[in-house]
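Naming follows writing order (A, B, C and D), and every chain is counted from residue 1.
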Amino acid sequence: MAKGDKTVETADRTSREKQEAGALVSPPAALADSRDGQPGWIDPDMDFIRVLSRQSGDSLKKCIQCGTCSAICELSPDPKPFPRKEMAWAVWGMKDRLLKDPDVWLCHQCNDCSTRCPRGARPGDVLAAIRQQSVARYAVPRFLARWANEPYCVPLLLGIPIALLTVVLYIGNSLGVPQPSRERIIFPFCNKLPHWLLNVSFAVVGILVLAAVVAGAMRFWRAMMIADGRDGAALPAKSPPARIVAALKIAVPVLWSIMAHDSFAKCTRTRLRFYSHLSVLFGFLALSLVAVWVVTAKVNPLIPDGLIYPFGFWHPWKLLANLGGVAILAGCLWMVVDRVRDNEHSGAFSDWTLIVTLLAVVVTGFIAEILHFVRLEPHRHVAYFTHLVFVLTLLMYLPYSKLAHIVYRTTALIYAEYSGRNGKNTARTAGREEES
Amino acid sequence: MALRLLTTSSAGAPGKDSPLAGKRMGMVIDVGKCQPDCDKCIKACQQENNVVQAAAHKNHELAVHWIRKVTIRKKIETDEKAKKAEAAQKSVILVCNHCDNPPCAQVCPVRATFKREDGIVLVDHHRCIGCRYCMIACPYNARYFNFEDVEVHEEDLNKDRPKRSHGVAESCTLCAHRLDAVDQDGNPSPRVPACVEACENGALAVGDMNDKTSTVYELLRDYAVKRLKEDLGTEPKVHYIGL
Amino acid sequence: MEIKFERVEGTSFQYRVALLVFGGFALVGLLSTLWVMKYGIGRTGMTNRVPWGLQIVMAVYYIGLSAGSLVISGLYGVFGKLEYKPFARIAVYLATLFLIAGLLSILTDQGRLDRVFVQPFVHFNLQSMFSINPILYNGHILICLIYLWALFTERKRTTTVVATLAFGWAFCVHSGTGAIFGFGARVLYESPLLPASFVAAAMASGTALMIVMIVGLFRATNRPLDDELICWLGRFLAICVLVVFYFLFVENAYRFYVVELREAAHYFLFGGFHSLLFWIGLIFFGLVVPMCILFNPRTGKSIPWIVLASSLVIFGVLCERYVIVVPGLTNPPDLFPGMEIVHDPALVEGYATYSISTQEVLQALGVLGVVGFLFLLGLKYLELLPTEARIHPD
Amino acid sequence: MPENAAHGRSGNGRGLLVSILVLIVLAPLGYYVVRGTAVALGGKPSVEFLERPATQDDRCIWNMEAGEMRLHHWEHLARIREDVVRFGKRDVPGLNECRNCHQSRANFCDRCHNQVSLTPDCFGCHYYPDNEHWDPQRFPER
């Protein structure tokens, strides 16, 4: 498409949007939505405003509600577009309203809006800060999410997995808990670490994390339902199997579109983000699958004759794991380059923590692998321990760190699909808006 | 074979039970007894230490020689052929000098070359990275490098001794494996090095220079000996009688 | 004075061809190194008597070039000469690359490349220059990277601090490299002057390389460059060349003066191919002709002449590195003073010979390819070159 | 919606790319399904134990159990190596003595090393017979 067309269309859209947006989120409408339900009464959360301001470089003060951001955004649905209205709510400190807003999660922070804001505000960063607050609200338990975003908590956060692994190793080695006999997993060359105990503890942590994730997602879902005034409304289908089918009908296309990076592909600022996130996501999926396979090998019916661990270099799982590692490494390095190049938006603390943790996991993993192949004792065990620490860090804080976007964005996208927010079921949305 | 139970106690440091403690191995070569056209010691060394294949190398300069023999004579400045022929020729055996201050061990970046407690200078082939710095540092040209893998026939091989793979440096070990040999009960039963065993003229002797009963001790006591390039301060332990 | 740095576009035909050529070199080098890893270094010109060859020569040469480049950047970084600020970034970048090249040359020369990344870290021998030098080299690369970062982010005070550190460190690096050869086993190596003369030659070759690079790059990208800047560098080069000449003279005079060394000195100066390189390559083309050009008031101010002189110095110093490394090895140790070896069935008697083999040339090309490739990429993706370099900007 | 303005990547091409990636990620699972089926249909399991000496005694001359040996042999070999090379202690049987009982390198050493992609350089220098004439009777069933 030629550039001219686009400009015309954007301009066209901007004017249209402006009228629409003016009608939808003019102050009276927003006032009606205030925290304690009293019309015309706003109770601004000053702390919230302060946090957002700090994390977005005073964007809130710069915003003049021109609506360029909403007009430019490729992801924003036509009715009630974001991020303009979110900017307004943020300025007024309407924390409750914002944290219940699925639109905040529809944003993939391509920062098209931030680069093209005439006032130099950064709506992308504001939304990112709101998302972080949102994680802090819905996460179970909440204090972990608070810690996960505080730089001075890093030693503590790293200390927990180190302590945990040390205890496991102590129990396994020093206390001499016997290895269960007749192992299905065979470790021909490695028993410095009590693998079965490690597997068990990782599985336990994994299950706990899963529980935390589900609980957080449910809280978030309910909050969005209440905010939309459809509390108690169920899926249209009645019988349980039909319900599952209906739920799948909504969830599967959404999940596919997440994997296909539909939203990232729309980002016009840089193509780098599409590829970097794609490779990191699939690398992460591959490595998670390999990890789950190894950890659950003991109870896996698909393994007919025992699993030899460590795998040989040409073993399918090993190949996949190496590919995944390279993918994450490349993707993360791309992300780093992207953030370093962009002087204005160099990424928030939580952003960098995630990238650095991922890099640490992959790099220590490769070092451990190389040392394994050169059989350097005891260095390889030290490297492997470090690797495990970072893996556990990543896993443990999944529901609380930036990585929680896996949960909340997916939930929000599914909710958007379910509630017709994504523009496909516009009739319903439009009807609802007329009511209000 | 005596079985020493492998416990966790490391044999890392030379302790009191070290079989090498208090020894100082040296070699004495009697140049006068060495016959010019005899190469039994060289053949024996090659057979014993599997250097025979390396010696048969196509490129002479790439071959490995733990022990070699050179013919020398007095340097005569005049060009008269008759005078040159008059000058007495001597056959001199050259091996690694097992210096007390080995420059090769000093420059080895990974400590693959080292001086054992009994003074023998060895190369740990498991560790050598092949930088060839030791060959540069050796003032005696006594070090050799395995430039290529050499094909070995199984029947030519002394199966109890390693052959070589490419990329590591090596030199005479003074047949340390023979000197350290133990009998069935684990008691030391040293054998003389292959070259000494092969020499029918008694030109070579290897032994503990601290042991007053050893041949080496007696020879060093009774004869005036010379060492190569003493001015460098490397303190070689290979001594020549009648050089 | 605001200096703008700009990337080159990197879309021209010449750029792509250069990229392709260097990439090809790197690939060839990689393949030949893999071959060496599998089969050993038997196909090189090295033998048991000449165990070091072209790769070590090149390593020593590259490390020298790196030093010289750093000197140019130090003009701005350490001494604060603002008119040389335009060249600071490219100089530091080149210094980093050439040090990497030196390390790569040494790496590809090892017999067991697979162990190099493990054993030196596990077993360390502080008595060996080969253990000390990697610390110096890697530290230098690190310092250069920090220096580069400081230059890119225009941090003035950090630049001065890091530049001074890099300057001092570079002297350690190059003295350390010279010290590799400093021991008594080889008559021609044994010289306390070696580290010092090594540094002098390094400065000369590095300065010369920077002159060629700067003029070439500014011409190729059509950026204005004041002749006066290059003339000053030319004069600096002339002094460096003079110092090199002085050291060479003292070293050889000393060897002739000491009776024991006289034979070796004779071999060094009149002994074979290396003597040819010494007289023709180093003394005549590398030192005398450049000095004539640079000290001549007319040619010393003409850019083409200065570039010619610089190219000759670059070549001459390469010859110098060769005559440092190889003759010291081919000249055999005198095991029996006063005697001569009549017959040696194992090794060839007398002076050994060394001839550069295809294998070594391919590996050396590979290293050059890697560095050239990185250099071209750097031009495209980093803001290395200034839009102009003038003493008095309009 | 200017969806096709998304820097020229059509939805179909992206779908294909992602499908391929998903397939790659799931490929090892397929491998296991195929292998599991093969084993269920009576195929040979791929994990086998290694050659043992003719004696029924489970103990090596190092006075260790087979499992212990499998887990630690290279550490012991490395320690013996240091003892022999650096300290001249030759009263412990080393690699040369292994071949007195375990006569096939292919079955005693290489199998396991190949399984986990390890290539120790022991045999570049140390002689170990590579004969295929090992006694199948020595192969205990799982």
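Criterion: a residue touches a chain if its C-beta (ideal position, glycine included) is under 8 Å from a C-beta of that chain, and two chains touch if they have at least 3 such contacts.
All values derive from a computational prediction rather than experimental measurement.
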Problem set entry | Chains linked by the largest number of contacting C-beta pairs | B-C
Seminar exercise, completed: Chain-centre distance (mean CA atoms) for subunit A and subunit C, in whole Å, is 51
For this session: Find the geometric centre of each of subunit B and subunit D from their Cα atoms only, then give the gap between the two centres in Å, rounded to an integer.
Result: 39
For this session: Specify, in ascending order, the residues of subunit D that touch 2 or more different other chains.
Result: none
Exercise. Out of subunit B, which residues touch more than one other chain, so two or more?
Worked result: 149
For this session: Send over the residues of subunit C in touch with two or more other chains.
Result: 122
Exercise. Is the way these chains touch best called a line, a ring, a star, complete, or other?
Worked result: ring
For this session: Kindly provide every pair of chains that touch.
Result: A-C, A-D, B-C, B-D
Problem set entry | Contact footprint of subunit D on subunit A as seen in their complex | 1, 6, 9, 74, 186-191, 259-262, 265-268, 271, 274, 278, 282, 285-286, 289-290, 293, 301-306, 308, 310-314, 316-320, 323-324, 373, 375, 377
Problem set entry | subunit D-facing residues of subunit B, complex | 1-6, 10-12, 14, 18-20, 114, 116-118, 122, 124-126, 149, 154, 157, 159-160, 162-165, 176-177, 179-182, 186
Problem set entry | subunit B to subunit C touching residues, read off their complex | 59-65, 68-75, 89, 92, 94, 103, 106-112, 127-133, 135-141, 143-149, 166-169, 228-229, 232, 243
For this session: Would you tell me which residues of subunit C are touching subunit A in their complex?
Result: 114, 118, 122
Problem set entry | Of subunit D, residues touching subunit B in the complex | 61-64, 76, 79, 81-93, 96-97, 121, 124-127
